[in-house]
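One chain, chain A, appears in both complexes that follow, with chain B as partner in the first and chain C in the second.
Presenting the complex of A and B:
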């Protein structure tokens, strides 16, 4: 192939079409990589030691020890599971009024802004930060964890449900309104049937998320299996830690499978 | 449509049959009973005197937390920079590992359904099941406290996320394009490069940016277990009960998260 033909050969269009933007993005990425790696503070000798330690550490994980501290594991698990159930139920119930308030087509402006603000705060901060504040307020234990998860559930469900309510088929709601229905009747007959499948799907998904999160809240004293895991790591009882991790993975998989099944069934 | 005949022979429309009604009723009963039972368990573990005290504690906390110590921000920029680096480098690491895993896991690109696919799926599930804080907890023990543990924790947790969403995107591609490229006599690698990659590129970019946004949030708390970033300052401030500093950190986190969310939404909007 000669040079002229090579120049005319087809090339795939680049992902970013504007040339200047493309080069700016590449240049920026390169500059950032240099800066980030340059300021990276890593103690490489410590990390190299770590590889060897890591080998021993993983060795200590086997065999998983379910027996020695079973009572503590059982209590942690029960706390996590009860926390998941109650926080999902309370969070979902409370998220309904928040979602209604955060739907532009239902709520007046002041209520809309208030509910959107609540959702934004709940979504910005990690569960663990909220848990720290709730532990400081309500004391140690699963109640603080439950309230944390319920609060996050409100933000999550509120946002997604409100978006769904804003996207509904307007003609159905209008038809119900045209019969002279009151606001609550409009909700019950015009809107609820349209969003219910997604509402159930989201609740199942949130149940799944709440369990995962309940496994770490224990790190800040908000109860649950994370507490047990943390203390087993602190006491160098890695067999117990391995057992707890395996249990968490198993439960997460069951939750994920079940929630996926429910979501497919209703949608 | 279930219909019930009442006493005088008139038929009344019902939403459900009697059996379905009873099932629904028992379902609700079981759900409420379970919730009450669970709450009772939690209630038994709770010292209620502390809870009734909560409004006073909250007021006290707010009182001590405000005004925020604005001057403390000068000591935080470095930590914030570290936090962003942990999130970004962790995401890069996860992309480097997650993309090959996704191609191994997708039905239409995996080299072997029997061998490679289950391994790839297991990597994805194991990575997704463990929260990044738990990954960090373990990695801090292995590598010592610091950013390395944080980057690896973010990376390990994100492999599953990127892998799962990307392999689903790969499985949903338009097969006819792949067939067209194959029909020109292209080899496996060429089919991948010209038939598959261009189709999943927008999804890939969207997933990566989305995960980066999530990772910024997660990186802000990794320091609580010693894995670097602004969480370390947060932990130190909480331990010394320096609540005005905590407020300052929370404000900074709020700002960063809002900016990163806006950025990620902009990028995803531009691509998709």
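Presenting the complex of A and C:
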């Protein structure tokens, strides 16, 4: 066969090689989507009515009222910030040994499995579910929220840091080992310098997440600004709710911008 | 001084990297280990300092049976073997001085090393050696800001900081240009001679091996197939090590290189080294 004919006949290879399987997969997916859409019941008259109700609900948020319940808002905010700072600090500190244990290139199999299991548990359960458990254990208030956030920080930091540790340049660690360094010296000289920027970046990012979560956790009684928001909604004081939401948005933006700045600076 | 007997390494994957290798390197001898990729050169030197655990065989360094050591004793023994790596293997985010001082990790405790409180004598030796390789003006530069040749010189200094008896050198020139390669090889040989160190140098550049090493060992598929002085390296020998190829140019090149280096380059090298 000459090159010109071969060039005309050439097509990029398809993702799924067998033609029948390819069409079966595409056709099956399409059929399922059509059938699934058919089972949805949409009450259009109710939806039209709801649009107006939603509009009224949103309208009640204006104007935002910062003044009437300012003391409560301030208290909630401080509680949230305290919760964020303490949970981030504890979570990050505790996540380091977990991450080391969850790195296949450092830890022996039993420790690896234990730490990976811990991370899996922490990541499987949504913060709200863990918060409900901790509220049941420790009562209403910021302690439960703090513990919840610290626990999920361990899962988050542990997993991502362990992945970074598993991705290090092996040769650098090998060179440190070859000098006769001890295991802790290997961590401090061969591994820590390689993962430090990511560690700082992740910690800043987690701080930002913890603040956002602390605003949600109040809804299940775990303290913080979320608690204040929840009670204002319960009392139909939507102006106060609007004020709280605006403050949360502002703080989240500041946190996000700052953590982004920190992450760029250390890369 | 280094005695290897019946060294065998089979990886978990089932690959037999080394097959009953026996080798003796006397004190002060510079030996080049040549062979095709996958012949087991890297595995061999990593078995010596046990970055790779041998499957069978014994390795002795002086009186110490390296293959029988427990963790703590192994770390003490590793101080006596300086290693130089292919891609330099410097800790990139640490400074030149920190990388050099990491050669002393086997001698200082954890907290001293954590706070970088090394004995003054170590720091002094670091400055002396950095000056010797022409890098004393870059002490606080980060390692990743250096060029390839400079990095490898830091790698050499790190290995020498251990005050070793033996140098294990893994493809020191594989990522360097031809001129820098020669300078680095010359530096390693000079320093080894000055300090009376034995050295095993893995190298795939036959011409360089011939030019710089007094003894050449050829490895093929995990077995030693040649062991002799550089002058005995004939096309037939290269064929047994690497397989069939036209070797005439390879062997001649080694002799040409030395003469071809212009005086200016030579002078610059000396200036850099001093």
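Note that the second predicted complex is superposed on the first by the 218 of 267 C-alpha atoms of A that agree within 3 Å, B and C clash if a C-alpha of one lies under 4 Å from a C-alpha of the other, contacts with A are read in each partner's own complex, and residues count from 1 in each chain.
The rule is short, and it goes like this: a contact is a pair of C-beta atoms (placed from the backbone, for glycine too) under 8 Å apart; a residue touches a chain by one contact, two chains touch by 3 or more.
Since we're looking at a predicted model, the values are computed, not measured.
Judged by the touch definition given at the top, the superposed model places A:185 against chain C, while chain B stays out of reach. Contacts of A:223 after superposition: chain B is touched, whereas chain C is not reached. Looking at the superposition, the partner that touches the larger set of chain A residues, chain B or chain C, turns out to be B.
Once the two complexes are overlaid on the shared chain, A:194 sits against chain C while remaining clear of chain B.
After overlaying the two complexes on the shared chain, residue contacts for A:96 are found with neither chain B nor chain C. In the superposition on chain A, A:85 makes contact with chain B only, while chain C stays out of contact range.
In the superposed pair of complexes, A:215 makes contact with chain B only, with no contact to chain C. By the touch criterion stated above, A:176 is placed in contact with chain C alone, chain B being left untouched. Within the superposed three-chain model, A:245 lies in touch with chain B and out of touch with chain C [touch as defined at top].
Contact with chain B, but none with chain C, is seen for A:39 once the two complexes are overlaid on the shared chain. No residue of chain A touches both chain B in one complex and chain C in the other. Of all residues in chain A, only 169, 171-172, 174-182, 184-185, 188-190, 193-194, 196-197 touch chain C in the complex they form.
Remark: chain A residues 12, 15, 32, 36-37, 39-43, 46-47, 50, 53-54, 57, 78-79, 81-83, 85-86, 89, 124-126, 128-129, 132-133, 136-139, 141-143, 146, 212-213, 215-216, 219-220, 223, 226, 229-230, 233, 245, 248-249, 252-253 touch chain B in the complex.
Of all the residues in chain B, the ones that touch chain A in their complex are 31, 34-35, 37-39, 41-43, 45-47, 50-51, 54, 57-58, 61, 81-82, 85, 88-89, 125-126, 128-131, 133-134, 137-138, 141-144, 146-148, 194, 198, 201-202, 205, 217-218, 220-221, 224-225, 234, 238, 250, 253-254, 257-258, 271. Listed in rising order, the residues of chain C touching chain A in the complex are 49, 51, 75-79, 81, 83, 85-87, 89-94, 102-107, 110, 113-114, 155, 158, 162, 168.
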